[in-house]
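Have a look at this one before I ask anything.
Chain naming follows the written order as A, B, C, D, E and F, and within any one chain the residues start at number 1.
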Amino acid sequence: MGKFAEFTRFRQELNDKILQKGNLGIKRFFALDEQAYHPGAIDAKTKELLGLVASLVLRCDDCVSYHLIQCKEQGASSAELFETFHIALIVGGSIVIPHLRRAVDFLEELEEKSKC
Amino acid sequence: MGKFAEFTRFRQELNDKILQKGNLGIKRFFALDEQAYHPGAIDAKTKELLGLVASLVLRCDDCVSYHLIQCKEQGASSAELFETFHIALIVGGSIVIPHLRRAVDFLEELEEKSKC
Amino acid sequence: MGKFAEFTRFRQELNDKILQKGNLGIKRFFALDEQAYHPGAIDAKTKELLGLVASLVLRCDDCVSYHLIQCKEQGASSAELFETFHIALIVGGSIVIPHLRRAVDFLEELEEKSKC
Amino acid sequence: MGKFAEFTRFRQELNDKILQKGNLGIKRFFALDEQAYHPGAIDAKTKELLGLVASLVLRCDDCVSYHLIQCKEQGASSAELFETFHIALIVGGSIVIPHLRRAVDFLEELEEKSKC
Amino acid sequence: MGKFAEFTRFRQELNDKILQKGNLGIKRFFALDEQAYHPGAIDAKTKELLGLVASLVLRCDDCVSYHLIQCKEQGASSAELFETFHIALIVGGSIVIPHLRRAVDFLEELEEKSKC
Amino acid sequence: MGKFAEFTRFRQELNDKILQKGNLGIKRFFALDEQAYHPGAIDAKTKELLGLVASLVLRCDDCVSYHLIQCKEQGASSAELFETFHIALIVGGSIVIPHLRRAVDFLEELEEKSKC
């Protein structure tokens, strides 16, 4: 199973478990989180790039993987993704580099999958 | 070997190696760290919940796993753990979610183990 | 004007401005944030101690000031606050110390005010 | 002197001092930092929104002030700024709120200044 | 009163208050913290440079001010301090810059004071 | 394949991919990053210890592994590495411990490899 499939499976399975446990505050947070990326004054693709850069500077690999999937779905180009990586690198410094390596590795798998 | 067994084995083996190397300052820090959770004005269970929420907002999976084990040993209920997760999520934001997923996955293994 | 009065005034004034601007997602987050500390399986005082330790390890002075006010209102004792400080210091390290100094300074003003 | 004037004066004066000291690596970093926000596949306004969200989740008030100035210069609307604030709040959690208050306070001064 | 005098006064006054409150764990942490910078296999000046770079990447202004004072006392040259700033900037990224500005401002006051 | 070989292989492969994609800003950052550790007023070994302590307090395992390799190449002794670990632990607190465990585990593999 590739990184994409494993990431998606675990994410879905555990999100379901978290929501089943029934803490209302956690459920509401999950709903708010999803709504924040709906298009408004800022379009959906740009919002995903905002989520991506925030995830990179905070160095959260799973958040980066998630926003890379969304960015590709919203039509972000490779050049747009790399300019976003560039800003994350300048703002967050060299400690972002290991996360950038994993992001590029994940992105490559995403791009191969989309060719099939 | 399950996540619990592997976590516990690696933790114990490497803690032993760190303490054998003989840097006195590191040894003293390890002792202080352990003492901080002894019951005092605040009881042991609540101190473990404090350790858990701090570990979650700082996004340290191993620290979360460790404090989940201690919370269960001190008798924390599922509802108490989820309300602590909720506070961590509100304070620390959506970047806490991947750590929450791994926490819930680890907790599930802990609960199954305790049924045997 | 003391630190307490200035903190409270600025906090209230700007929260009002943020809520007036009318972004629904931000409003909902503010409501969720407030609800997370309502008593449930965990009582209100303990929830405020959880908010305090999270704020200290994340090194947010304003969040620390806010939770100190709430902890005092919920009846937290000086010993409970200092044991919470202790855990924050062990988990977060010496970079927490400057925030601890400001916390103790703020707490002293709170305690003098409550004597009047 | 208002917050904008004081921020701009101190920033300029100290950047000059840092660059005069002549460490070539630091000078090159400052140049790279500036170039990262030049328009490319992503336009200048969006790059400033990316810088703003990264600064908010990393909780750097001066970085937030700087990118707010640039966002306004590049024509970002109030709704775009608040949607960016919203994403920062969801990703970074309630510890972002004190920085959001200071951002809104600074933004208000910027907007009044631009009316003159 | 200059920045150095105000920093030193507040630091001393509040450290005294924290130690008087009598939580033994906090007292022991303060002692451990001080011992970590005693010369050993690594000399005192280098240990202070290690404390300085750690404080800069964690973006703690008071910790930076403290280690700058200690670095100067241990004879660190301006070039050594700026090379340490450079590494902090590369590792931690542009969000370190506002702290670097305040560090250089504080350092300038330290150097003027030492000329008297 | 041991941890060292796997770390080195993935790091090299993905760095190459990142540099091939041709974003000039990212390339320049990688060059700046490498230059920051060249000897100057501070010797190469000390600069690597600075990189190591910064990586530990920022809790980046890959950065720690990289600087451990460089520290060993520059002749850092075990006592110097453990005193650096000690400072990282005091500055960054108990959340550094899991990273310290992985650092000591990686270091052990490095030392066995160098005996062959």
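Operating definition for what follows: a residue touches a chain if its C-beta (ideal position, glycine included) is under 8 Å from a C-beta of that chain, and two chains touch if they have at least 3 such contacts.
The shown structure was predicted, so the numbers you read here are calculated from the model rather than taken from an experiment.
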Subject >> Required steps from chain C to chain E (each step between touching chains, minimum) >> reply: 1
**OP:** Taking each chain's centre as the mean of its C-alpha atoms, give the chain farthest from chain E.
**Re:** A
**OP:** Could you grab the centroid distance between chain C and chain D? Build each centroid from C-alpha atoms only and quote it in angstrom.
**Re:** 27
Original post:
Where the CA atoms of chain A average out and where those of chain E average out, how many Å apart are those spots?
Top reply: 37
Original post:
Touching two or more other chains, which residues of chain A qualify?
Top reply: 25, 29, 32-33, 36, 55, 57-58, 63, 79, 82-83, 86, 89-92, 94-95
**OP:** Classify the chain contact graph as line, ring, star, complete or other.
**Re:** complete
Original post:
Along chain A, where are the residues that touch chain E in the complex?
Top reply: 57, 89-96
Original post:
Considering the complex alone, what residue numbers of chain D touch chain A?
Top reply: 32-33, 36-37, 40-42, 46-47, 49-51, 53-55, 57-58, 63, 77, 79-80, 82-84, 86-88, 90-92
**OP:** Under the touch definition given earlier, write down the residues of chain B that touch chain A in their complex.
**Re:** 59, 78-79, 82-83, 85-86, 89-90, 94-95, 97-98, 100-102, 104-105, 108
Subject >> chain E partner contacts - residues on chain B that touch it in the complex >> reply: 25, 28-29, 32, 35-36
Original post:
Which chain C residues qualify as touching chain D in the complex?
Top reply: 10-11, 14-15, 17-18, 21, 23, 25-26, 29-30, 33, 55, 58, 60-63
